[in-house]
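Just dropping this structure here.
Every chain is named by a letter (A, B and C) in the order it is written, and numbering of its residues begins at 1.
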(Lines give C-alpha, C1' and ligand atoms only; values in the text may rest on other atoms or scores of the structure.)
Protein backbone atom coordinates (compact mmCIF):
# COMPACT_ATOMS: atom_id res chain seq x y z
CA UNK A 1 0.00 0.00 0.00
CA UNK A 2 1.23 3.48 -0.87
CA UNK A 3 -0.35 6.57 0.69
CA UNK A 4 0.82 10.09 0.05
CA UNK A 5 -0.02 13.54 1.30
CA UNK A 6 1.40 16.95 0.44
CA UNK A 7 1.42 20.36 2.02
CA UNK A 8 2.81 23.81 1.39
CA UNK A 9 5.47 25.06 3.74
CA UNK A 10 5.86 28.84 3.96
CA UNK A 11 9.53 29.60 4.43
CA UNK A 12 10.62 32.96 5.87
CA UNK A 13 13.65 33.08 3.53
CA UNK A 14 17.08 31.46 3.59
CA UNK A 15 17.49 28.98 6.42
CA UNK A 16 16.23 25.66 7.74
CA UNK A 17 12.65 24.84 8.72
CA UNK A 18 12.10 21.81 10.94
CA UNK A 19 9.45 19.65 9.25
CA UNK A 20 9.96 16.53 11.36
CA UNK A 21 6.64 16.82 13.20
CA UNK A 22 4.67 17.59 10.05
CA UNK A 23 6.09 14.52 8.31
CA UNK A 24 5.50 12.46 11.44
CA UNK A 25 1.86 13.59 11.52
CA UNK A 26 1.39 12.34 7.94
CA UNK A 27 2.87 8.97 8.92
CA UNK A 28 0.50 8.81 11.93
CA UNK A 29 -2.54 9.49 9.71
CA UNK A 30 -1.65 6.58 7.41
CA UNK A 31 -1.79 4.08 10.32
CA UNK A 32 1.29 2.40 8.84
CA UNK A 33 3.18 0.56 11.58
CA UNK A 34 6.25 -0.77 9.74
CA UNK A 35 7.25 0.63 6.40
CA UNK A 36 9.13 3.35 4.56
CA UNK A 37 8.48 7.08 4.40
CA UNK A 38 9.86 9.13 1.50
CA UNK A 39 9.88 12.92 1.70
CA UNK A 40 10.18 14.96 -1.49
CA UNK A 41 10.41 18.68 -2.34
CA UNK A 42 9.01 19.88 -5.66
CA UNK A 43 11.57 22.68 -6.18
CA UNK A 44 15.12 23.32 -7.36
CA UNK A 45 16.14 26.08 -4.97
CA UNK A 46 15.34 24.43 -1.65
CA UNK A 47 16.22 20.94 -0.44
CA UNK A 48 15.97 18.39 2.34
CA UNK A 49 18.54 17.44 4.94
CA UNK A 50 18.67 15.32 8.05
CA UNK A 51 20.64 17.38 10.53
CA UNK A 52 21.58 17.59 14.20
CA UNK A 53 18.50 18.95 15.97
CA UNK A 54 19.86 20.08 19.34
CA UNK A 55 22.14 23.04 18.69
CA UNK A 56 20.86 25.71 16.28
CA UNK A 57 24.50 26.72 15.71
CA UNK A 58 24.86 23.64 13.51
CA UNK A 59 22.40 25.05 11.00
CA UNK A 60 23.99 28.49 11.21
CA UNK A 61 27.36 26.88 10.45
CA UNK A 62 25.81 25.08 7.48
CA UNK A 63 24.84 28.49 6.09
CA UNK A 64 28.36 29.79 6.70
CA UNK A 65 29.74 26.78 4.87
CA UNK A 66 27.29 27.11 1.97
CA UNK A 67 28.12 30.81 1.59
CA UNK A 68 31.75 29.85 1.21
CA UNK A 69 31.31 26.91 -1.18
CA UNK A 70 28.40 28.21 -3.28
CA UNK A 71 28.43 31.98 -2.82
CA UNK A 72 25.72 34.38 -3.95
CA UNK A 73 26.53 36.69 -6.83
CA UNK A 74 29.66 34.86 -7.90
CA UNK A 75 30.88 36.50 -11.12
CA UNK A 76 31.34 33.01 -12.58
CA UNK A 77 27.58 32.33 -12.61
CA UNK A 78 25.98 32.96 -15.96
CA UNK A 79 22.48 32.34 -14.59
CA UNK A 80 21.21 35.16 -12.38
CA UNK A 81 17.73 35.94 -13.72
CA UNK A 82 16.18 35.99 -10.23
CA UNK A 83 19.07 37.73 -8.49
CA UNK A 84 22.43 36.95 -6.87
CA UNK A 85 20.93 34.10 -4.78
CA UNK A 86 19.47 32.30 -7.82
CA UNK A 87 22.35 30.10 -9.01
CA UNK A 88 23.81 29.61 -5.53
CA UNK A 89 20.41 28.23 -4.49
CA UNK A 90 20.41 25.73 -7.37
CA UNK A 91 23.91 24.53 -6.46
CA UNK A 92 23.04 24.13 -2.79
CA UNK A 93 19.94 22.13 -3.76
CA UNK A 94 21.88 19.80 -6.03
CA UNK A 95 24.50 18.92 -3.37
CA UNK A 96 21.91 18.19 -0.69
CA UNK A 97 18.76 16.06 -1.24
CA UNK A 98 15.50 16.40 -3.15
CA UNK A 99 14.22 13.17 -1.53
CA UNK A 100 15.04 11.31 1.68
CA UNK A 101 13.66 7.91 2.69
CA UNK A 102 13.24 7.14 6.40
CA UNK A 103 12.15 3.82 7.91
CA UNK A 104 8.81 3.73 9.74
CA UNK A 105 8.88 1.64 12.91
CA UNK A 106 6.09 1.21 15.48
CA UNK A 107 4.08 3.82 13.58
CA UNK A 108 6.75 6.51 13.78
CA UNK A 109 9.62 7.88 11.70
CA UNK A 110 12.57 5.85 12.95
CA UNK A 111 14.99 8.76 13.22
CA UNK A 112 18.10 8.77 15.39
CA UNK A 113 18.01 10.76 18.62
CA UNK A 114 19.75 13.77 17.07
CA UNK A 115 18.21 13.61 13.60
CA UNK A 116 15.80 16.32 12.56
CA UNK A 117 14.26 16.59 9.09
CA UNK A 118 14.73 20.06 7.66
CA UNK A 119 13.51 21.89 4.60
CA UNK A 120 16.46 24.07 3.66
CA UNK A 121 15.33 27.25 1.92
CA UNK A 122 18.20 28.51 -0.25
CA UNK A 123 16.58 31.72 -1.56
CA UNK A 124 16.85 34.97 0.38
CA UNK A 125 13.15 35.80 0.22
CA UNK A 126 10.14 33.92 1.64
CA UNK A 127 8.73 31.15 -0.55
CA UNK A 128 5.88 28.65 -0.56
CA UNK A 129 7.34 25.15 -0.90
CA UNK A 130 5.38 22.01 -1.76
CA UNK A 131 6.45 18.90 0.15
CA UNK A 132 5.09 15.39 -0.48
CA UNK A 133 5.34 12.55 2.00
CA UNK A 134 4.81 9.04 0.62
CA UNK A 135 4.37 6.13 3.02
CA UNK A 136 4.70 2.51 1.90
CA UNK A 137 3.88 -0.67 3.79
CA UNK B 1 3.53 -4.13 -6.43
CA UNK B 2 7.05 -3.31 -7.60
CA UNK B 3 7.86 -3.03 -11.31
CA UNK B 4 11.23 -2.06 -12.67
CA UNK B 5 12.76 -1.38 -16.04
CA UNK B 6 16.27 -0.40 -17.06
CA UNK B 7 17.88 1.14 -20.10
CA UNK B 8 21.30 2.25 -21.27
CA UNK B 9 21.81 5.95 -21.78
CA UNK B 10 24.59 6.90 -24.18
CA UNK B 11 26.21 10.07 -22.86
CA UNK B 12 28.26 12.31 -25.20
CA UNK B 13 30.76 13.06 -22.42
CA UNK B 14 30.75 15.43 -19.46
CA UNK B 15 27.44 17.23 -19.00
CA UNK B 16 23.80 16.67 -18.18
CA UNK B 17 21.35 14.51 -20.13
CA UNK B 18 17.65 15.10 -19.54
CA UNK B 19 16.07 11.71 -18.76
CA UNK B 20 12.75 13.02 -17.46
CA UNK B 21 10.73 11.77 -20.41
CA UNK B 22 12.39 8.36 -20.46
CA UNK B 23 11.64 7.86 -16.78
CA UNK B 24 8.11 9.16 -17.31
CA UNK B 25 7.59 6.63 -20.13
CA UNK B 26 8.56 3.79 -17.76
CA UNK B 27 6.05 5.06 -15.21
CA UNK B 28 3.37 5.22 -17.90
CA UNK B 29 4.06 1.60 -18.96
CA UNK B 30 3.54 0.36 -15.38
CA UNK B 31 0.00 1.78 -15.27
CA UNK B 32 0.69 2.90 -11.71
CA UNK B 33 -1.57 5.82 -10.79
CA UNK B 34 -0.39 6.74 -7.28
CA UNK B 35 2.93 5.51 -5.97
CA UNK B 36 6.65 6.11 -5.79
CA UNK B 37 9.25 6.05 -8.56
CA UNK B 38 12.92 5.50 -7.69
CA UNK B 39 15.60 6.19 -10.29
CA UNK B 40 19.05 4.63 -9.86
CA UNK B 41 22.35 4.78 -11.78
CA UNK B 42 24.66 1.76 -11.70
CA UNK B 43 27.93 3.73 -11.85
CA UNK B 44 30.34 5.71 -9.69
CA UNK B 45 31.37 8.42 -12.15
CA UNK B 46 27.96 9.73 -13.16
CA UNK B 47 25.02 10.68 -10.97
CA UNK B 48 21.45 11.94 -10.82
CA UNK B 49 20.16 15.41 -10.05
CA UNK B 50 16.86 17.23 -10.13
CA UNK B 51 17.67 20.60 -11.64
CA UNK B 52 16.05 23.70 -13.07
CA UNK B 53 14.94 22.74 -16.58
CA UNK B 54 14.31 26.09 -18.27
CA UNK B 55 17.68 27.82 -18.61
CA UNK B 56 20.58 25.69 -19.90
CA UNK B 57 22.95 28.18 -18.23
CA UNK B 58 22.08 26.58 -14.89
CA UNK B 59 23.69 23.29 -15.95
CA UNK B 60 26.66 25.14 -17.44
CA UNK B 61 27.11 26.93 -14.11
CA UNK B 62 26.94 23.58 -12.31
CA UNK B 63 29.91 22.45 -14.41
CA UNK B 64 31.77 25.66 -13.61
CA UNK B 65 31.09 25.07 -9.92
CA UNK B 66 32.13 21.41 -10.07
CA UNK B 67 35.36 22.31 -11.86
CA UNK B 68 36.18 24.65 -9.00
CA UNK B 69 35.22 22.35 -6.11
CA UNK B 70 36.34 18.99 -7.53
CA UNK B 71 38.87 19.85 -10.25
CA UNK B 72 40.32 17.43 -12.78
CA UNK B 73 43.96 16.49 -12.41
CA UNK B 74 44.35 17.89 -8.91
CA UNK B 75 47.85 16.95 -7.72
CA UNK B 76 46.27 15.85 -4.42
CA UNK B 77 44.46 12.93 -6.08
CA UNK B 78 46.25 9.64 -5.69
CA UNK B 79 43.75 7.81 -7.92
CA UNK B 80 44.11 8.70 -11.61
CA UNK B 81 44.21 5.34 -13.41
CA UNK B 82 41.71 6.44 -16.05
CA UNK B 83 43.02 9.98 -16.46
CA UNK B 84 42.71 13.43 -14.87
CA UNK B 85 38.88 13.26 -14.86
CA UNK B 86 38.78 9.94 -12.97
CA UNK B 87 38.86 11.01 -9.32
CA UNK B 88 37.04 14.28 -9.91
CA UNK B 89 34.20 12.22 -11.43
CA UNK B 90 34.01 10.01 -8.32
CA UNK B 91 33.86 13.04 -6.02
CA UNK B 92 31.15 14.72 -8.10
CA UNK B 93 29.12 11.48 -8.02
CA UNK B 94 29.41 11.15 -4.25
CA UNK B 95 28.16 14.70 -3.54
CA UNK B 96 25.17 14.39 -5.84
CA UNK B 97 22.78 11.37 -5.93
CA UNK B 98 22.97 7.74 -7.03
CA UNK B 99 19.20 7.37 -6.40
CA UNK B 100 16.28 9.79 -6.32
CA UNK B 101 12.70 8.94 -5.35
CA UNK B 102 9.87 10.91 -6.93
CA UNK B 103 6.16 10.61 -6.10
CA UNK B 104 3.85 9.29 -8.83
CA UNK B 105 0.51 11.10 -8.98
CA UNK B 106 -2.27 10.60 -11.54
CA UNK B 107 0.00 8.26 -13.46
CA UNK B 108 2.83 10.77 -13.84
CA UNK B 109 6.07 11.76 -12.10
CA UNK B 110 4.91 14.48 -9.73
CA UNK B 111 7.76 16.89 -10.43
CA UNK B 112 7.62 20.60 -9.79
CA UNK B 113 7.20 22.93 -12.76
CA UNK B 114 10.94 23.65 -13.01
CA UNK B 115 12.27 20.23 -12.02
CA UNK B 116 13.99 18.13 -14.65
CA UNK B 117 15.63 14.77 -13.95
CA UNK B 118 19.18 14.71 -15.27
CA UNK B 119 21.84 12.07 -15.63
CA UNK B 120 25.04 13.98 -14.94
CA UNK B 121 27.99 12.45 -16.79
CA UNK B 122 31.19 13.37 -14.97
CA UNK B 123 33.71 11.77 -17.34
CA UNK B 124 35.11 13.67 -20.30
CA UNK B 125 34.49 10.92 -22.84
CA UNK B 126 31.21 9.34 -23.99
CA UNK B 127 29.92 6.46 -21.85
CA UNK B 128 27.09 3.98 -21.78
CA UNK B 129 25.21 4.34 -18.50
CA UNK B 130 22.69 1.88 -17.08
CA UNK B 131 19.68 3.46 -15.39
CA UNK B 132 16.98 1.54 -13.51
CA UNK B 133 13.54 2.93 -12.73
CA UNK B 134 11.57 1.13 -10.01
CA UNK B 135 7.90 1.95 -9.53
CA UNK B 136 5.98 0.95 -6.41
CA UNK B 137 2.27 1.10 -5.71
CA UNK C 1 5.43 -6.24 1.52
CA UNK C 2 7.97 -4.27 3.51
CA UNK C 3 10.59 -6.03 5.63
CA UNK C 4 13.30 -4.26 7.57
CA UNK C 5 16.28 -5.20 9.66
CA UNK C 6 18.85 -3.10 11.48
CA UNK C 7 22.29 -3.62 12.90
CA UNK C 8 25.00 -1.70 14.65
CA UNK C 9 28.20 -1.11 12.75
CA UNK C 10 31.28 -0.45 14.88
CA UNK C 11 33.44 2.06 13.02
CA UNK C 12 37.14 2.41 13.85
CA UNK C 13 37.02 6.19 13.37
CA UNK C 14 37.05 8.43 10.31
CA UNK C 15 36.95 6.51 7.04
CA UNK C 16 34.75 4.24 4.97
CA UNK C 17 33.41 0.84 6.01
CA UNK C 18 32.18 -1.47 3.24
CA UNK C 19 28.67 -2.62 4.23
CA UNK C 20 27.71 -4.07 0.84
CA UNK C 21 27.76 -7.68 2.01
CA UNK C 22 25.87 -6.96 5.23
CA UNK C 23 23.11 -5.19 3.30
CA UNK C 24 23.12 -7.98 0.73
CA UNK C 25 22.69 -10.56 3.52
CA UNK C 26 19.59 -8.73 4.75
CA UNK C 27 18.15 -8.77 1.23
CA UNK C 28 18.86 -12.50 0.98
CA UNK C 29 17.05 -13.19 4.29
CA UNK C 30 13.90 -11.42 3.02
CA UNK C 31 13.61 -13.80 0.04
CA UNK C 32 12.64 -10.81 -2.08
CA UNK C 33 13.46 -11.49 -5.75
CA UNK C 34 12.55 -8.20 -7.44
CA UNK C 35 12.07 -5.04 -5.44
CA UNK C 36 13.74 -2.07 -3.83
CA UNK C 37 16.21 -1.90 -0.96
CA UNK C 38 16.61 1.31 1.03
CA UNK C 39 19.56 1.74 3.36
CA UNK C 40 19.42 4.36 6.13
CA UNK C 41 21.81 5.62 8.83
CA UNK C 42 20.35 6.97 12.07
CA UNK C 43 23.07 9.59 12.68
CA UNK C 44 24.14 13.09 11.63
CA UNK C 45 27.92 12.64 11.64
CA UNK C 46 28.26 9.63 9.38
CA UNK C 47 26.64 8.98 6.01
CA UNK C 48 26.20 6.58 3.11
CA UNK C 49 27.86 6.62 -0.29
CA UNK C 50 28.06 4.36 -3.30
CA UNK C 51 31.69 4.45 -4.33
CA UNK C 52 34.23 2.77 -6.57
CA UNK C 53 35.14 -0.48 -4.78
CA UNK C 54 38.36 -1.56 -6.54
CA UNK C 55 41.03 0.99 -5.62
CA UNK C 56 41.22 2.02 -1.93
CA UNK C 57 42.96 5.22 -3.09
CA UNK C 58 39.55 6.51 -4.20
CA UNK C 59 38.31 6.56 -0.60
CA UNK C 60 41.58 8.08 0.59
CA UNK C 61 41.16 10.83 -2.01
CA UNK C 62 37.59 11.40 -0.80
CA UNK C 63 39.02 12.08 2.69
CA UNK C 64 41.59 14.45 1.18
CA UNK C 65 38.82 16.25 -0.64
CA UNK C 66 36.56 16.42 2.44
CA UNK C 67 39.41 17.80 4.54
CA UNK C 68 39.78 20.60 2.03
CA UNK C 69 36.09 21.42 1.56
CA UNK C 70 34.84 20.86 5.13
CA UNK C 71 37.93 21.10 7.34
CA UNK C 72 38.12 20.21 11.01
CA UNK C 73 38.52 23.03 13.49
CA UNK C 74 37.69 25.79 11.03
CA UNK C 75 37.56 29.05 13.00
CA UNK C 76 34.29 29.85 11.18
CA UNK C 77 32.43 27.01 12.95
CA UNK C 78 30.44 28.14 15.93
CA UNK C 79 29.48 24.55 16.86
CA UNK C 80 32.37 22.56 18.31
CA UNK C 81 30.99 21.00 21.49
CA UNK C 82 32.41 17.58 20.66
CA UNK C 83 35.71 18.79 19.26
CA UNK C 84 37.23 20.09 16.02
CA UNK C 85 35.73 17.19 13.99
CA UNK C 86 32.16 17.87 15.18
CA UNK C 87 30.88 20.47 12.69
CA UNK C 88 32.99 19.17 9.80
CA UNK C 89 31.31 15.78 10.34
CA UNK C 90 27.83 17.32 10.16
CA UNK C 91 28.69 19.13 6.92
CA UNK C 92 30.14 16.00 5.32
CA UNK C 93 26.99 14.07 6.30
CA UNK C 94 24.69 16.67 4.79
CA UNK C 95 26.45 16.71 1.39
CA UNK C 96 26.48 12.93 1.07
CA UNK C 97 23.46 10.67 1.77
CA UNK C 98 21.48 9.59 4.83
CA UNK C 99 19.51 7.12 2.65
CA UNK C 100 20.20 5.33 -0.62
CA UNK C 101 17.73 3.15 -2.55
CA UNK C 102 19.07 0.30 -4.65
CA UNK C 103 17.04 -1.99 -6.94
CA UNK C 104 16.82 -5.67 -5.99
CA UNK C 105 17.05 -7.99 -8.96
CA UNK C 106 17.17 -11.81 -8.92
CA UNK C 107 17.36 -11.70 -5.13
CA UNK C 108 20.42 -9.45 -5.03
CA UNK C 109 21.31 -5.77 -4.73
CA UNK C 110 21.53 -4.71 -8.37
CA UNK C 111 24.73 -2.70 -8.02
CA UNK C 112 27.06 -1.87 -10.88
CA UNK C 113 30.33 -3.77 -11.16
CA UNK C 114 32.32 -1.04 -9.42
CA UNK C 115 29.71 0.12 -6.92
CA UNK C 116 30.30 -0.60 -3.25
CA UNK C 117 28.01 0.60 -0.46
CA UNK C 118 29.99 2.38 2.24
CA UNK C 119 29.20 3.77 5.65
CA UNK C 120 31.37 6.89 5.84
CA UNK C 121 32.35 7.68 9.41
CA UNK C 122 33.13 11.38 9.68
CA UNK C 123 34.19 11.50 13.34
CA UNK C 124 37.82 10.90 14.32
CA UNK C 125 37.01 8.39 17.06
CA UNK C 126 35.34 4.97 16.86
CA UNK C 127 31.53 4.98 16.98
CA UNK C 128 28.65 2.54 17.00
CA UNK C 129 26.35 3.33 14.06
CA UNK C 130 22.83 2.01 13.58
CA UNK C 131 21.95 1.09 10.00
CA UNK C 132 18.49 0.00 8.82
CA UNK C 133 17.83 -1.86 5.59
CA UNK C 134 14.26 -1.83 4.32
CA UNK C 135 13.26 -4.15 1.48
CA UNK C 136 10.04 -3.68 -0.49
CA UNK C 137 8.43 -5.98 -3.01
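Here, contacts are C-beta pairs under 8 Å (C-beta built on N, C-alpha and C of every residue); 3 or more make two chains touch, one makes a residue touch a chain.
Only a predicted model underlies this, so the values are computations on that prediction, with no experimental measurement involved.
Between chain A and chain C the CA-based rotation angle works out to 120°, given as a multiple of 5. Interface residue usage between chain A and chain B, two copies of one sequence, is largely distinct: under half of the residue numbers at the contact are used by both copies. Centres computed as Cα averages put chain A at a distance of 20 Å from chain B.
The set of chain B residues that touch two or more partner chains comprises 69, 95, 97, 101, 136.
Of all residues in chain A, only 34-36, 49-52, 55, 57-58, 60-62, 64-65, 68-69, 95-97, 100-103, 105, 110-112, 114-115, 136-137 touch chain C in the complex they form.
Per the touch definition, chain A reaches chain B in the complex via residues 2, 4, 6, 38, 40-45, 69-70, 76-79, 81, 87, 90-91, 93-95, 97-99, 101, 130, 132, 134, 136.
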